[in-house]
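Naming follows writing order (A, B and C), and every chain is counted from residue 1.
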Amino acid sequence: MSSAVDLDALAAARAALSTSSPLVHCLTNTVVQTLTANVLLAVGAAPAMVEAPEEAGDFAAIASALLVNVGTVHGRSAEAMRVAVRSAGAAGTPWVLDPVAVGGLRFRTDLAVELADSGPAVVRGNASEVMALAGAGAGGRGVDSTATADDALEVAVVLAGRTGGVVAVSGPVDVVTDGARVVRVGGGHPLLTRTTGAGCALGALTAAYVAVAGDRLDGAVAAHAHVALAAEAAAAVCSGPGTFAAAWVDALDAVTAEDLLRADVRDDT
Amino acid sequence: MSSAVDLDALAAARAALSTSSPLVHCLTNTVVQTLTANVLLAVGAAPAMVEAPEEAGDFAAIASALLVNVGTVHGRSAEAMRVAVRSAGAAGTPWVLDPVAVGGLRFRTDLAVELADSGPAVVRGNASEVMALAGAGAGGRGVDSTATADDALEVAVVLAGRTGGVVAVSGPVDVVTDGARVVRVGGGHPLLTRTTGAGCALGALTAAYVAVAGDRLDGAVAAHAHVALAAEAAAAVCSGPGTFAAAWVDALDAVTAEDLLRADVRDDT
Amino acid sequence: MSSAVDLDALAAARAALSTSSPLVHCLTNTVVQTLTANVLLAVGAAPAMVEAPEEAGDFAAIASALLVNVGTVHGRSAEAMRVAVRSAGAAGTPWVLDPVAVGGLRFRTDLAVELADSGPAVVRGNASEVMALAGAGAGGRGVDSTATADDALEVAVVLAGRTGGVVAVSGPVDVVTDGARVVRVGGGHPLLTRTTGAGCALGALTAAYVAVAGDRLDGAVAAHAHVALAAEAAAAVCSGPGTFAAAWVDALDAVTAEDLLRADVRDDT
């Protein structure tokens, strides 16, 4: 059954981002840190990358939300992630798990599977990553997905049941589910896939939205819709994949609560 | 008493940057390395990030200046910072300490307090960070400052006396002091605070200027004035917070010695 | 004797990049990861930075090519490089060594000399770095070269004989040799030297080209010619060193196989 998503809730979340400026603790890969920080700043959130295992726990406890992205994870950063997730759990800080390239690579796959059992508010990845995290696929080739978001729908619903949170699968049409409801987010632009870190920044934005939204599914949907709207605007003014990133950050800043009322979202529960 | 700053000294320092191309050894956080390097290249300096504890000492000894920024510090990078600072001290290499997010986080706060006792030519931070470093405040929320530069003025003067160097406090109006003189630098643009790494790049630019200026206070003031002038020019041509960064680097390149003669600086000693 | 380079081979390699989308495993410095990834995405390749020693071996075995760049190397990343190079050798994955700032700094110099003995398909660096790697010079000041590419020609020919691969020396005119043939690549633009990571991204692009080209020398030459053509186009539309990088990525995307037929390359064997 397809029905209307509560667009007012998405718009309210966008407005809350600007007014409450959530502090987002990012444990993310070194390739995408700059874009991630700039995306958060553009929408009104406050980014902070606090990476030492000695500090990550204290910071996760005071942050509004936490992002854990395993893109370039290694021994020390894995330890910081474990400490931060434990602290976030104790403090009630919502956190997002981005299982970058999980599947073929054992070290990160074991880590991500372990972390997924600690109650992430949202798991966000592409179809191959989500399927591999759930034990239902071998994963893609590095960060590429060899499956569509809809291929991962059944697995995502099961995974959401297991984590008790939301699972968001990125693709030409994104699929976002809390195990009960299924929402599809359309729009966006292929240049997102040609800009390193766009998906990772979406994970951070999801963390920011979850910190301010009344409902986690609404928060995740709002983040995906915000990204899609901004991508369309940026694609219209950039000159190629190089100039897209800065134009996208400009556009992320410009997306208003009213813009989210016309987001391409559909409840397909 | 308010009097004129020696603008000719600032202009001379700007000219010296281009002609002597100081080599700036940057031990800085991973979020801002790219922008930091591009800012240094734009003004005519030569950046180098040499981060292994095995190499940081040798390199600090041959560099023209050293930047130590604790934004994403952890065990190994803290060790590299200690080695580099020791070597810089022995070799007479001037160095800048940027106490990012010092205050609530113990690991970096202990490190920054320890390093501050080793004679930095300049300490550069926002008001919350400078106050926390001096033991006079609890620090901000991550990298945000909850105080104005003038709130930190008294503390900055005391800290400058303790380090024997300059303390520069960033804000809408920057305050720069060597314990005796107090200079305020106006201008700039709020988009600087919405671009990740702009403050950190200012720390690197301060290191470059201190390497070439006859006087450390003049060097620090010139760096802040250079950044402010370029920010104004960039804000006039960019389309938002995303396109600001590249426009700012263009503008940093374009700021001439003559431009510094009209910098908004005021000696308020 | 100067003769024509097989331009058709360069054009064919450009076409192959887009159609076969080689997966390039990058173990590179943290300053340039974002630009490197975006350059690879722009030309149609797939970047992946898999840095943990626990994973680098497995990934190098399945990647189409490997880049090893020692710009910010330290203990753990050196171990990942050793593991990856060993695995690449066993799997037949071609790999590129970029000896950033090799010369004065012992830790990286020892590592690069050790790795150079493991059969890199291409060594790519500036003249000072290549000479230092071959034991024929003291190296430059950080990443600057104090010599021209032609100063390094004799040494490059000897080094190519020793590694059994190609040696590419960057400069206003690049020199590329496999020990038998010597090809010069002209064009390009000085703004490349004022953009952090442009040379490092060229190393990654060389890895991508070597993965798809029939001949390693052709692959390395095509990469250098591609970069030069795009730099000229970008310089014509950018507003300074800050806006150059994004314009260059746009231009790298736009360079076609046909464009490579008019590359400024010359066989000076």
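Heads up, the rule we're going with is that a contact is a pair of C-beta atoms (placed from the backbone, for glycine too) under 8 Å apart; a residue touches a chain by one contact, two chains touch by 3 or more.
For clarity, every value in this text was computed on a predicted model and none was experimentally measured.
**Q** Mind checking the rotation angle between the two copies, chain B and chain C? C-alpha superposition, nearest 5 degrees is fine.
**A** 120
**Q** What's the call on chain A versus chain B, same or different interface residues, using the half cut on shared numbers?
**A** different
**Q** Could you grab the centroid distance between chain A and chain B? Build each centroid from C-alpha atoms only and quote it in angstrom.
**A** Roughly 33 Å separates the two chain centres.
**Q** Could you list which residues of chain A touch at least two other chains?
**A** Residues 30, 34, 76, 245-246.
**Q** Could you please specify the touching residues of chain A with respect to chain C in the complex?
**A** 29-32, 34-35, 71-76, 101, 104-108, 141-144, 194-197, 239-243, 245-246
**Q** Can you name the residues of chain A that touch chain B in the complex?
**A** 23, 30, 33-34, 37-38, 41-42, 46-55, 58-59, 62, 76, 80, 237, 245-254
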